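The following pair of complexes shares a single chain, subunit A, combined with subunit B in the former and subunit C in the latter.
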Partner chain A sequence: MKITVPHMGNVYIAVKILFDGLGIDYVIPPLNNKEALYLGSKYSPDEICLPFKLMIGNYIAGIKNGADTILLVGSCGPCRFGEYPELQHKILEHLKYNVEFIVIDAVKSIGLRELFNRIRIVGSESRKTLPGKINSVIRAYNAMCILDDIESQAHFKAGYEKERGECKKILNFCKEEVLSCDNPDKALKLLKDYQDRIRNVAVDYSKKPVKVAIIGEIYSVIEPFTNLFIEDILMDMAVSTRRNLTPSWWLKDMLLKIIRLNSRELLKASDEFLPLCIGGHARECVGEAVLASREGFDGAIQIFPMGCMPEIVSKAILPTISREKKLPVLSLIVDEMTGEAGYMTRIEAFIDLLERRREHVFAWN
Partner chain B sequence: MYSLGIDVGSVSTNLVLLDNNNNVVEKLYVRTRGKPMEAVQLVLSEIRKKYDSKQIYSAGTTGSGRMIASIQIGADIVKNEITAHAVAAIQTEKDVRTVLEIGGQDSKIIIIRDGVVTDFAMNTVCAAGTGSFLDRQAERLGIPIEEFGDHALKAAVPVRIAGRCAVFAESDMIHKQQLGYNTCDIIAGLCDALVRNYLSNVAKGKEILPKVIFQGGVAANSGIHRAFEKALNMPVIIPEHYDVMGALGAAILAREKVNRERAGTRFKGFSVSESSFKSKSFVCSGCSNQCEVVSVLENQQPVGYFGDRCGKYNQFTASATG
Partner chain C sequence: MRVGIPKGLLYCKYHPFFETFFRGLGAEIVNSEDTSKNILNMGVKVCVDEACLPVKIYHGHAASIKDRCDLLVVPRIMQVHRNEYICPKFCGLPEMIVHSIPGMPPVTSAPLYMHSKKSLFQWCVSSGSAITRSRSRIRHAFELALKAQNSHKTGIMDQKDITVMLAGHPYIVYDAFLNMDIVNKLKAKGIGILTEEFAPCAASESQVKKLLKKPFWTFQRNLFGASAALYEQKKIHGIIYLSSFACGIDSVVIDLIRFHTGDFPMLVIKFDEHTGEAGVDTRLEAFTDMLERRVLNEDNRPTYGQCLYSRQNPV
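Entry: the complex of A and B
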């Protein structure tokens, strides 16, 4: 069995650490690029959301590199993501690719026994002892948490750093170096070193950078290729950004959901505007906008793929939050047709808006 | 000392020269024709006949070709067209609260309160109702674009045209022509349809309050102007320099930036109009991002790069953004 996984931000690094530790054969497809988008759009239904298409592109690249099993997390959930595995499996079958799908789904949907069954299929490939396996999983989870921490610190400190571009440089070096390391213990050590480095970046807190919350659909905010590298663009503009939705947040959220203790603060914040779960992460999006205004952010940028049902609902709610909480919000919708020029223009104009608005507020006070 | 502003748009390239009090002393308007660098050189060579490079205090670029133009001329500031248009509008009408802007290929609405931009929107999926479309319809009807709007004003009963999509609007117009409707009535109907489309797409959910100003190349069209006044039920002001507002904004912002930084201008001088400029693009194979990098060559020497995500190339380009 040779496993491949679709991309979503930095998840592939944790996956690599996991499989290296378990001693399971795997293929990491090339990072999302035009090739993946081209293949994915060619074989996917036209109206399906962008993540679906990119994932198809990833699978095909993985299969071409020898993968015979696709591992993904699912949610027999209340948005189209719930249908992904079935539909994707069918598409690959039509293309005459003979692959297995292992979907790690929510307990609520498939039951605890089935979940363990599925995990066992993957686990049985590893020759490690049970404690060894558990150790590998914990190590991979830690790696994901550290990586998310490095990333969020880099994004936030980019507005305060003394030497422009340092955070971005550290972040890029970190990913590059960890990826070329095949020893999972060393990889974790490297991550910890980089965590220290990013923690010790020289910052000047007297700077008053524009602070923006990145909110919206989870895949498109996490996967830089879909949002045209918005966080990199904003780092270059010395804007501080914060994004709550990360792979490690998602894991925690999924686990805590079982005992209904997930993201309490976020969901509470959304109560005023969207008290019900309507699928996807619409409530989280609304909650984050409310929290961003409470915590003194200058604005929020919402990103979601064309046709995303839950986010269309939150997009319709955001203007009300914007008005009531005095928080400017920019909604960006992405798909394979997104024109980069118009996209950049909107981001730049939005940051100008936030800057000029603040100068104005300061002048009034 | 003058401040120079260049707006390289999809259809036209405009240049303005402002005096110390931000009054327009020169303005030029040429067609871009898909060759932005040649258009920039053309306007510079025109202005060079009357002014000396030493008289330029600051220079700014805007529009969709702003990056390439800034590398070409050595701009002090590179600004997106939304901010540039807003700044120019506020400068022209102090108490403006809504800016309607329709250019060659895009249309936008900018909401301003107390002299600060609070919201904006730009057309995303459809270019119906922008300059290029009107150009094409004028050509098809055999009416010079300059007279297009006046024909609309002569209409007695505007015909209802389906304006949701440019292609369908055109077929609907042809259909109405075949049925024998009067050309003026069709043109007036088209103007109404395009304004309807603008208000329900671009301006959807935005609070349009007076003063409303209408700028961009399409503001020259009196038919669209009247259709806006009718649909909004309030006066719509067209500023004197409606056709070069982007360039005007870029020039104002450039002056502000040079004033702030006190380091003098980066402007290379009018002599760049004689250099030979070329651009070439290549796909970088450094990583799996596969960025399409553009390099700009001045007299065979690379003077700037853009398009790479990692900064491998564009760190060599003096940055004027921000």
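Entry: the complex of A and C
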């Protein structure tokens, strides 16, 4: 069995550490690129959302590199993400690729026993003992957390750093080095070193950079290829950004959801505008916008793929938040035809607006 | 008390319930007019750009009666069957309406779970409390409403030499303005129509069971199950799928049906704000012409050099 997983931001690094630790054969498809997008949009339904198309591109690249099993997480609605495996399986079958899907689905839809069965299929490939396996899983989880921490620190400190571009440099080196390291323990050590380095970046807190919260649909905010590397662009503009939705947050959220202790603060903040869970991360998006205004952010950028159902609802609500909480919000909708120039112009204009707004006489009432 | 009920989305399916219930409480019902160009324009003006056409039209209906009522019923239909959703936009409908249309009267925002009588009654209590505090009156109106709803049947069954299945969400199939009166256009062409309501239940359930995963959208289960069952039982000669642009559920369901039925004739018509009918007419005509030739003139002999049975390699 050779496993492949679709891309989502930096998840591939944690996956690599996990499978290296477990000793399972795997293929990491090449990072999302034009070809994945081309193949994906060629074989997917027209109106399905962008993540679906990119994932199809990833699978095909993975299969061409020898993968025969696809590992995927699932959900049970009401957002389209839960139906991905069904349709993707049919598409790959139609293309005459012989692959198996292992969907780590929500307990609610497949039951606990089936879930453990599926995990066992993956686990039985590994020759490690049970404690060894658990150890590898914990190590991979730790790696994901550290990586997310490095990334969020780099994004936030980009506005404050004394030497422009240092955070970005550290972040890029970090990803490169960890990826080229095949020993999971060493990789974790490397990550910890980089965490220290990013913590000790020389910063000047007297600076007052523009602070922006990145909110919206989880895949398109995490996967830099879909949002045209918006965080890198903002780092270059010396804008501090914060994004709550990270892969490690998602894992934590899924686990804590069982005992209903997930993201209390976020959900409480969203109560005023959207009191119910409507699927996807619409509620989180609304909550983050409220929190961002409370924490003194200058603005928020909402990103979602064209046609994303939950985010359309939150887009309808955001203007009210913007008006009541005095938080400018820019909604960016991405699909396979997003042109870079128009996108850049809008981001630049928005950042300019935020800068000038501070100096405006009416800014603080 | 005047209670406004917009004639959009699932009104076509559940209006006897809502109307009887609020009338039973002694309220005066204010309905919006049937969908028209005016309603559409009003909806497009206030609604989020990315929403689908039925949601925009619903916004138009709500905006057209908001000044004439004291309470607007915007049902937040979460589930019709247990553990099955309708669509995320239905779950957030009251928020979309309230935040998009300025000057709204109070709106019913309680979640509506229709899978059991008890949960349905809960919605009635929380929505009816704006009118009366008497539990017994609510209970009485609720029973009347249930009775009215149970005697309300939708669906079109009109089998002829050539019959197509008219698939699509109920609010598209039954809104003559939205779908450019396709039902009557087909009737004028002498084409029979079957809708999902008349698909055999057991057969459609067994088709749904063949899916990898149990569907979590009611629309998906109904539409996929019905079209697959009717196709397998050879009751129809083609499928006309009415959909709206950027409908998230249809983007999945249409392809599921396509993968299932292979090269069976299927016409997908997408509706959006454009109201020009010529394009739709042309496609309908072409499709029905094709069906006629296929059903009436086709002798099912292979062309020269091709195998008698499809899906095999030519000799």
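Just so it is clear, the second predicted complex is superposed on the first by the 360 of 365 C-alpha atoms of A that agree within 3 Å, B and C clash if a C-alpha of one lies under 4 Å from a C-alpha of the other, contacts with A are read in each partner's own complex, and residues count from 1 in each chain.
Here is the rule we use: a residue touches a chain if its C-beta (ideal position, glycine included) is under 8 Å from a C-beta of that chain, and two chains touch if they have at least 3 such contacts.
Since the structure is predicted, the reported quantities are computational estimates derived from the model, not experimental observations.
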Requested in this report: Would you mind checking which one, subunit B or subunit C, touches more residues on subunit A?
Outcome: C
**Report entry** subunit B versus subunit C as contact partner of A:Ala349, first or second or both or neither
**Finding:** first
Requested in this report: May I ask you to decide whether A:Ile333 touches subunit B, subunit C, both, or neither, giving the answer as first, second, both or neither?
Outcome: both
**Report entry** First (subunit B), second (subunit C), both or neither touched by A:Cys79
**Finding:** second
Report task. State whether A:Phe229 touches subunit B only (first), subunit C only (second), both chains, or neither. Result -> first
Query raised in the report: Just subunit B (first), just subunit C (second), both, or neither: which does A:Pro319 touch?
Result: both
Report task. Examine A:Gly279 and indicate which partner it touches, taking first as subunit B and second as subunit C; both and neither are also allowed. Result -> second
Query - subunit B versus subunit C as contact partner of A:His94, first or second or both or neither - result: second
Query raised in the report: Is A:Leu31 touching the first partner subunit B, the second partner subunit C, both, or neither of them?
Result: first
Query raised in the report: When the two structures are overlaid on chain A, which partner does A:Asp46 contact: first (subunit B), second (subunit C), both, or neither?
Result: second
Query - Set of subunit A residues, in rising order, touched by both subunit B and subunit C - result: 319, 333
Requested in this report: Over in the complex, which subunit A residues touch subunit C? Could you list them?
Outcome: 45-49, 74, 76-80, 82-83, 85-87, 89-91, 94, 101, 103, 105, 108-109, 273-274, 276-280, 282, 306-310, 312-317, 319-320, 333
Query - Interface residues, subunit C side, partner subunit A - complex - result: 47-48, 50-51, 76, 78, 83-89, 91-92, 95-96, 99-100, 111, 211-217, 220, 245-252, 254-256, 259
Report task. Flag every residue of subunit A that touches subunit B in the complex, lowest number first. Result -> 30-31, 33-35, 165, 168, 172, 229, 232, 236-238, 319, 328, 333, 341-342, 344-346, 348-350, 352-353, 356-357, 360
Report summary line: Residue set of subunit B touching subunit A in the complex reads 64, 79-83, 106, 114-120, 122, 124, 205, 287-290, 309-311, 321-322
